[in-house]
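For reference, the structures are reproduced in the following blocks.
Note that subunit A is present in both complexes that follow, paired respectively with subunit B and with subunit C.
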Partner chain A sequence: MSVSDRSNPGANGLLRLYVAGDGPGARRALESRLRIVEELAGGIEIQVVDVLAHPEEAERAGILATPTLSDESTTPPRRLIGDISNITQVLDYFGYRKKDSGYDHS
Partner chain B sequence: MARGAAEILDQYSDASLAGISQLDFRRLIETTADGVLVVDLSGTVLYANPAGAAIFGYPAADLVHIPLGRPVISGETTEITVHRPNRAPAEVEMRTVELSWDGRPALLASVRDVSAQRAQQERRRQSQKLEAVGRLAAGIVHDINNLLAVFESGLRLLQKQLRDDPANPNTAILIEELLKRTQNGGALTQQLLAFSRGQSLYPETIDLNGRIEAVTMLLERTLGNGIRISLELDPALGPVLVDANQLDVAILNLAVNAKDAMAGRGTLAIETSDTPDDIEDVAALAASFVRVTVSDTGCGMSKEVLAQVFEPFFTTKADGRGTGLGLSQVYGFIKQSGGHVRIESAVGEGTSVHLFLPRAPSTGNHEPQMQGEIRLNTRR
Partner chain C sequence: MTTAEEILIDPVLERVRTGIEAFDDLVMGGLPRGRTTIVGGTPGSGKTVFATQFLAHGITVLDEPGVFVTFEESPVEIEVNMASFGWDIRRWREMNKLVFVDASPRDHDQMIIGNFDLSGLLTRVLHAARQAAAKRIVLDSVTQLFDHFVAEQTSVRRELLRTATALKRDGLTVLMTAERNSEYGEISRHRIEEFVADNVVILRNALDRERRRRTIEVLKMRGSRHVEGEVPITLVVKQGIVAVPLSSLRLEQQSSTKRVTSGNPELDRMCGGGFFRDSVTLVSGATGTGKTLLVTNFLAGGAAAGERALLVGYEESRGQLFRNARGWGVDFEAMEADGRLKVVCIYPEAQNLPDHLLMIRELVEEFNPDRIAIDSLSALERIAPETGFREFLISLTSFIKKHEIAGLCTATNKSLVGGQSASEQHISTLTDSIILLRYIQEGDFMHRGIMVLKMRGSEHDKQIRRFTIDGAGMHLGQPFDGAPDVFGDSAASSA
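For the complex of A and B:
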């Protein structure tokens, strides 16, 4: 997978996960979120936004589909839509390194 | 667009497609019922066919250049929810593959609106549940009838005692027992309510022997004079973790079945054991259970009947005498408690129903602690 590299991967450490309600898709995404946070051992914060509870936030951010994992520190925001259970793919896309993995994606 | 399609064509170089013009390919994509989106690697929409644009609720031209986000690539279809302006969200299946678009790497997402199918599945699940609620309601009618029989005989006994010897201490005990049975009735309706709301049962740590003794007191009257009740309760019996009201109902159901099998004459034996025999020949399994066995000296059952006894509505009783839900309640209770049930029976030799009930975890002063935990885990 090719991604544009970051000069300082994970510098911001803040992502947003947009989900809709508490259906199976949302639950899976929330489980993946926990695994990602665990994987990076505190090097990342992922805020959860329920677009059904806060439609205005989703509209402001221009979220068309859920689950969406979004890094809003970049313009345009860097976003991943769909199943985020493949953590390696997710971390790779957002330019984070796995903790102690020695894995260099750049 | 046309160039992109041509590149896909080149990749596969299928001879049968060689004569088809780029315009035809364009029409194909524009008219297909499935949504097609091409997104660049940073997640910006490069192309959306009309079906794809309709799923997202935008004209195709407005969707292009929107930073939608990069669809996750996986070998399988994933499900997303699409939020459209002024319309209900759509449940959408998405499958993403890599392709080259306009000479650059990009992603092709095929999207399909499956909201109608999902809604239909949900309706089917709901109707299955209603069917089960109806079945349970029928079962509760059966149990309430059993309870009414208990009340009737209890009240008759009370009437007799009040007439003969009002000062007899048994009178107060009997009233107390009948009051407890009203809780069984309340528990039955709660059970229906809990099921229709999808709540779990409420297991608690109980003294099985004490519970059996209390139920037996009323059974003596219900079963009639021709039936003797023999209790063999193991004094070393440890506490069990089950729903107490469900246990009462199960014992009541087994006793009523036994009474019918004995045609009013015989012995109903209730036995408990702290060291049950192996369950399904697994010795280790037996260690976490205690056993209660309800036996009768009735007509017994053939292998054919035995094979069906736990099925809801299966009954050998005449019309209007049984619902066929008694043993299915026993089975449901045992399974929900995490226990086991075994029936031994032969025609003319009576029936023994062995219930293996899970032991309560043995920690010092565990009771209040246990209940707290169970409430958290099983209620709502």
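For the complex of A and C:
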């Protein structure tokens, strides 16, 4: 797996995490979100959108599945659907580098 | 502890009219309220039209707003594509009678890992339904949803079922379209109908002898009855889908004993006092035997009796028909000017059979005639596959009878002497009366002969009578002495 560099990651990348309510799937996604934010130590912001509370946001972004982690700053948007607990894989997909660029974490 | 939560099933399911009249008849009044119906069809079979019409009827006629969930075309594309059917989707959206959920493909990169659900979709649909206070929901087409999550078929099945169940719980009537690969293969790709549908409807657009033949068929109606078999449909500008019913399903037309004139007193006598008012008579004969003359007499006789007469001509132009009539002393111009006659001529090839039938129905409803003549059925026959023609004839004759109109249709024999035309075979059991016009050889002379072969519910002259044609029309003469063969090939039978 190659780590592709974000061409211009910016100081504060912004992702959105769409979840539905607070079922087990949503809870797991929210825990993963905290770990990702921690991992990048302020290099990323992840907004949480509960589609049950804000269906119009889901409509605007065209969200069908939850959980969906979405980077809407790129064209076209990049989306990761389902399980986001593998942080290396998530950051890799969105093109972020971990703060210490160490691959080892658990 | 769940019995109280189970959805109550009313023994008599309330019906939601689709607005496709003859289709609603097939399903005993409409789609059951609060149920899910799958409408399957190959590309171009009219699924989106059907779905939009279902919403349109709710919005414009029954004040039942709707939600259109589109997985394929964008809302704007649907607005444009459906405009020709007379549906002002933009206005409905402005009035909040129709709300779109735009799930059409958007450009994005996507990766799926592990489990997910489609709560995003469900929430959006429920939100849209609340916004519009919707009663009807369309999902067009769910096959696209499967294609969107192509590696996750099991999850999509589970989620689609969850979505359908949630919509049902809210009392919404759901119509899902699904794609099919072939006209007579499996019901839908991904076998969607197996897990999600209470009812299954199939739209077909089959190629039959180089002609397209559109039909609709109800395959399954959970918990209620429906009429089986394919029914022809056609797509009509400003209307949408129009199903052309086989009205023989409902033999409700009564038989009257009121007689009307055939336009020829001598023929009236042969028929035992004229044609019946709500009956269809077939005039069959080779070319030049006098079929169009009988038609002309029929129209003129009606007009003279103060009736209104309609002629649908498929063989000759208006000019020719008017000239012919003048040659027999009948003035079509004056009859039209008096509003007693309407003559419509059209090439059979101008449209397909269901459209011809619709045109005749519209003409009848508009002009409200007491009698109608169609000259000839054989001309129509050449544009139609056999099954289609039979359905057309059944629909036409039952329509004519239902409106208590006296009908006269002609059929042309291919051979000059004797013989049967195919339309004669098809229609002979459907018409009430049959009149044969034949060339009959007697020694060195070729005569014209006329006979009343069948006259339902009445005595009639069984003889074969000679007749002649001159500038004043048709004159019946004496019966033939011998026993001419009017059915077979006379040359062959004499050999």
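Here, the second predicted complex is superposed on the first by the 91 of 106 C-alpha atoms of A that agree within 3 Å, B and C clash if a C-alpha of one lies under 4 Å from a C-alpha of the other, contacts with A are read in each partner's own complex, and residues count from 1 in each chain.
Definition applied: contacts are C-beta pairs under 8 Å (C-beta built on N, C-alpha and C of every residue); 3 or more make two chains touch, one makes a residue touch a chain.
Worth saying up front: this structure is predicted, and the values here are computed from it rather than measured.
Once chain A of one complex is fitted onto chain A of the other, the partner contacts of A:56 are limited to subunit C, with no touch recorded for subunit B. Legend: residue contacts after superposition of the two complexes on their common chain; A:96 is shown touching neither subunit B nor subunit C.
With the contact threshold set out at the top, residues 20, 25, 51, 55, 58, 62-68, 76-84, 86, 89, 93 of subunit A are in contact with subunit B in one structure and with subunit C in the other. For subunit C in complex with subunit A, the residues that touch the partner chain are 101-103, 106-121, 123-124, 126-128, 145, 148-149. For subunit A in complex with subunit B, the residues that touch the partner chain are 1-4, 20, 23, 25, 51, 55, 58, 62-68, 70, 76-84, 86, 89, 93. Interface residues of subunit A, counted against subunit C in their complex, comprise 18, 20-21, 25, 51-52, 55-56, 58-59, 62-68, 75-84, 86, 89, 93.
Across the complex, subunit A is touched by residues 41-44, 56, 66-74, 78-83, 89, 92, 94, 96, 105 of subunit B.
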